[in-house]
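In the two assemblies presented below, chain A is common to both, partnered first by chain B and then by chain C.
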Partner chain A sequence: MRTHLLGLAAFVALGLAYPVLFPSALTIAITILLFVGWATAWDVLGGWAGQVSLGHAAFVGLGAYFVAIGVTEYGLAPWWSALLGMAVAAALAFAWGWLTFGLRGPYFTLSTIAFAEILRLVAINEGWLTGGATGVFIMTLPEPFGLDLFDRQTQYWLALGFAVLVIGIVVALSRGRFGYALRAVREDEDAAMAAGIDPKRTKLKAFMLSGALTALGGGLYGIVLSFLEPHVMFYLLLSVQIALTAIIGGRGTIWGPAAGAMVLIGSGEVFRTTFAEANLLIYGVLILVIVLFAPRGLVGEATRRAIRRRYAKRAQS
Partner chain B sequence: MLDLAIFIQNLANGLLIGGVYALIGVGLTLVFGVMRTINFAHGDFVVLGMYGAVLFDLVFGFDPYLSLLIALPVAFVVGMVVERAILAPIADAPAESSLLATLGLSLIIGNLLLLTFGGEPRSVQVPYASDTVRIGEVNLSVVLLAAGAATTAMIGALYWFLERTERGRAVRATAENRLGAELVGIDTRRVQSFVFGMGTALAVTAGVTLIPLLFATPTFTGAIFTLKAFVVTVLGGLGRVGAAIGGGLLLGVVEVLGASYFLSEYRDAYGLLAFLLVLLLRPEGLFGKTVKRV
Partner chain C sequence: MRYGIAAALAATTLAFAVPAQAVEIGVVNSLSGNFATFGERYRTGMELALEEINAAGGVDGEPLELVWQDDRSEAQSALAAAEQLDARGVPLIIGSYASSITGPMAQFLTRREVPLLVLGSADNSITKPGSEWVFRAKHNSSIVAKAYFDYFDFLRETHPDVPLETVGFLYGNGAWPTSLAETGRELAEERGYEIVADQSYDQGVTDFRPILNRFRAEDPDVLYIVSYAEDGVAITRQMKEVGLDAEVIAIDTAAALPSFVDQVGDLAENVATVVSWSKDVQYPGAQQLYEDLKAKAGSEPSFYEAEGYLALKVAADALQRAGSTDRAAVREALAATDLETPVTTVTFEDYDGFQNQNPIRSLVLQIQDGDHVTVFPDDLAAAEARHPTPPWSER
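Right, the complex of A and B next:
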């Protein structure tokens, strides 16, 4: 616990120093921070509870569209509509999980794809609600405390806050009763049940938390892009990207998804110049490498090695 | 008013396009039945077939169907190599590993196609693209009929192979009980490579038959076909060849009829909704046997 709090403090320090050191490269940092938050939120369900979702773009889209439509149609301030989006995301996650958590293994994963895809089709075709395939522009935003929400600097602080919030929640979870329940369910549902844990309830809570946090990041993403298209917001490849970021970094570890986001989005931006729009190639190659040679992910394998070395030393002395 | 001729025409079109879906689904279900692998790259193999035909058209300028002479053996070998290099080493890992590995493969294929051919949609113009055959009141497009004939031939050949040959028997035995198959002397690892090669070849064939009808784009088309293949196989029940054919025909008919009698914008959603309903209500598939789970 103490090491994780120290890690969180280091992360915040790094986040505070970044805009001073690289004031011109804020956009990429915002993208990285959003993915840190999304991948960590995904991991609550995918890593800690062991339910692989390939539909988290649905929550991103939900959060973004709530903020955008709230501001353009109803004049609702983005923080209220983001809260509303989170609540709806949690409700949707509840309904979805309630229907599908009876399914084990790959069937749940398949159902999440279909779920996000249906939401995307609704967003494209219900133009009266979402602006259809052409999308929604966010033209004006309120200025809380004189802060300009269109300013990259402000958005950076918000993204940092989002990432720190999500990681903080996971740090708190890791030592709490709920965190242990999640891991018990992941390892063996029947044994967890025997220990008095309700697997379905536990997975539902994880799904709702994961979905609500992802939607919060989605609302922020909507403000950052200030232009929303169904093809971007509910995109299957965004779901895939979120899931793979967490898995490559290390499922079920606190810092794995964050590390994955920094490595993958960072290198993705570098490769963008050479590979243009084929920047997901690196995800494909890396996930193969991870599955074949390091199934615990980058951080998972690193901690395992460190722990082994420590025990080896202790055994020698 | 419901016009009977139009209804029959829609039904026929649905069955013909459903045949191609069946061909895609059969490959996926065969691989799942034998290897217990959910192949996320299956749709990308279909797209690979489409681009193979595009390349064939650019280089030789012959009919896409002739490209099958090269595409089929190449696809078969590629599939075997992929299985040997990527899937065989993780055969004993949790089921998720192979799902993630094929997802990675799908991203690699899609993005390599994007780098080679660029992002704009591609197709092959055949001289008979707009020809139709008139049977009574019903007009059927020649391209669709050719696709239907090709899929019927492929599925027929597959049936003959599975039911009438020694190796086909080995495939069925491995699908039914891997340990039992090994006990009677079947090299199940070879069967698995072989089946993955076959699945890839079936997907590529479907891609070639589709290219005169549809445009291919490198990354998105693959995902759509993978999704359709899932829909088809889950409708029928994963792992059963006959059921995948039924599921494919059903999806084709549901899509075409749904699009012409309800909202056409939701064409892709009808299949997904049917898929979700089956997944929730009958995970063993519409034509699957109900199994009591312990």
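Right, the complex of A and C next:
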């Protein structure tokens, strides 16, 4: 626990130093921080509870659309509409989980793809509500305490706050009763049930928490883009990217998803500026290499090696 | 090896020590990812324009340079690229193809007060309401839809014996097809066409026969179809299969590509499509531009290359007249643009809710004997429109 709090402090320190060191590369840092938050939130369900979702773009889109429509149509301040978006995300996660957590194995995963697709089609076809396929612009935002929410600097601090909040929640729950229940369900649902844990209830809670946190980041993402199109916001590729980030970093570890976001998004940006057209190819190769040599993810593999070394040392002495 | 590193270091120090006397323009273009095919075409056009500009003495006697940034066909990368170009101090940025990328960029650059010249995005929303920092020399959904209906009206007038009363809309549910269908619908009502069929489909659908059969039952005189490449090819083939006839078949975007004719062959005959430029348009220099683009691309060029060429020509002209690389001055110069190019004439105007939009004249091309031929407007046409389109059974 103490190491994780120290880690969190180091993360915050890094986050505080970044804008001073790289004042004109804030967009990429915001993207990384959003993915840190999303992948960590995804991992609550995908890693800790072992339920892989390929529909988390639905929550991103939901959060973004609540903020955009809230401010353009109803004059609702983004912090209220983000909260509303989180509540709706949790409610939808509850409803969806209620229907599908009876399913085991890959069926839940498949159903999450459908879930995001349904929201995408709603966003496209219900133009009166969402602005339809041609999208919606956020032109003005309120200025709380004189803060310009369109300013990259402001957005950076919000993104940092979002990432720290999500990691903090995971740190807290990793040692709590709920965190143990999640792992028990992941390892063996029947055994968990025998130990007095309700698997469906546990998974539902995880899904709701994961969805609501992802929607919070989505609201911020909407402000960063300030122009939303349903095809992009509910895109399957975004869902895959979120899941991939967590998996590459290490499922079910506290720092894995964050490490995954820094490595994947960070290297993606470096490749983009250095390798021109070939950048996606090299990005693909990087992912392959990581999957081949660190099948448990970067942090997962590192932890395993550290533990093995410790045992080896103990055995020798 | 060690000498190599030393030399490289020396070279970079030199590069910093002697600031190059070049005028830079930032370009955010889709060079990898989904839209790379289009990005490649835009780049060819811009490179040709760059060669011409520098051969003619550059901008104010200084060579022009392009600072390329790839957006990987996604908005976040485009925003990161725009931020870097802003920090580099470029006087102007050109970009990008998809509206989902150009929209966020336009928002960001407006706040940073950097002039943005739209490269490929045609969505109305980019310049409507737009901003004083965003300029578009190419067309938008309203202009394109109007070109189609002007053409239909023209056919009505010139062929009063062929009734054109009803229209059917078929379009993908992406941003561009939807917005083109919306503007088309308004025009149909305004100009007295009855909409007898109106259907959007989810991109990725491959079997259009159920939809086309329903259209056949409604028997529209005009088919107004907006589709990207593969969908357009599938729709054309299946139209023949189910025997969906119409006096006029217009397919936007898909039918404008040279590859469309290769893929559907004879079925492409008589299909009409709207573009911003064509090789046979009667503008001075258009023929030469076609030859040059063809040589540069090494294949049949399309309006994409021409639009890339146009964007850089407009940018260089504005920089020349601004006489400085100050962004406000460049913005003023862009707003005062009055330029003739082999692609089109350019002025930036505020009208109908648009801001800094070039009211470009769009062209209607018809596929005749396997070739794209300009048939409308009358004064720019290279040949007469073939009308009406014979039914499939008689071809």
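The rule is short, and it goes like this: the second predicted complex is superposed on the first by the 296 of 317 C-alpha atoms of A that agree within 3 Å, B and C clash if a C-alpha of one lies under 4 Å from a C-alpha of the other, contacts with A are read in each partner's own complex, and residues count from 1 in each chain.
Here is the rule we go by: a residue touches a chain if its C-beta (ideal position, glycine included) is under 8 Å from a C-beta of that chain, and two chains touch if they have at least 3 such contacts.
What you are looking at is a predicted structure, and each value in this text was computed from that prediction instead of being measured.
Visitor: Which partner does A:Pro295 reach: the first (chain B), the second (chain C), both, or neither?
Guide: Once the two structures are laid over each other on A, A:Pro295 reaches chain B alone.
Visitor: Between chain B (first) and chain C (second), which does A:Thr31 come into contact with in this model arrangement: first, second, both, or neither?
Guide: second
Visitor: Quick one: is A:Leu99 in contact with chain B, with chain C, with both, or with neither? Answer first, second, both or neither.
Guide: first
Visitor: Given the touch rule stated above, what does A:Leu280 touch, chain B (first), chain C (second), both, or neither?
Guide: both
Visitor: A:Thr134 contacts which: chain B (first), chain C (second), both, neither?
Guide: Touch partner of A:Thr134: chain C, not chain B.
Visitor: After superposition on the shared chain, which partner residues are touched by A:Leu121: those of chain B (first), chain C (second), both, or neither?
Guide: A:Leu121 contacts both chain B and chain C.
Visitor: Now for A:Val232: first (chain B), second (chain C), both, or neither, which partner does it touch?
Guide: After superposing on A, A:Val232 lies in contact with chain C but is clear of chain B.
Visitor: Taking the contacts chain A makes with chain B in one complex and with chain C in the other, which residues are shared?
Guide: 121, 124-125, 276-280
Visitor: Quick check on the complex: what are the chain A residues that touch chain C?
Guide: On the chain A side, the touching residues are 24-28, 31, 121, 124-125, 132-135, 137-139, 150-152, 224-227, 229, 231-232, 268-269, 272-273, 276-280.
Visitor: If we count contacts the way the header does, which residues on chain C are in touch with chain A in the complex?
Guide: The touching residues are 31-33, 36, 68-70, 72, 74-77, 79-84, 86-87, 99-100, 103-104, 106-108, 111, 123-125, 129, 173-175, 177-179, 182, 202-203.
Visitor: For a test of understanding, state which residues of chain A touch chain B in their complex under the given definition.
Guide: 52, 99-100, 103, 105-107, 109-111, 113-115, 117-118, 121-122, 124-125, 236-237, 240, 244, 247, 275-281, 283-288, 290-292, 295
Visitor: Which part of chain B faces chain A closely enough to touch in the complex?
Guide: Residues of chain B touching chain A: 38, 86, 89-90, 93, 95-97, 99-101, 103-108, 110-112, 114-115, 119, 219, 223, 227, 230-231, 234, 263, 265-266, 268-269, 272-273, 275-276, 279-280, 283.
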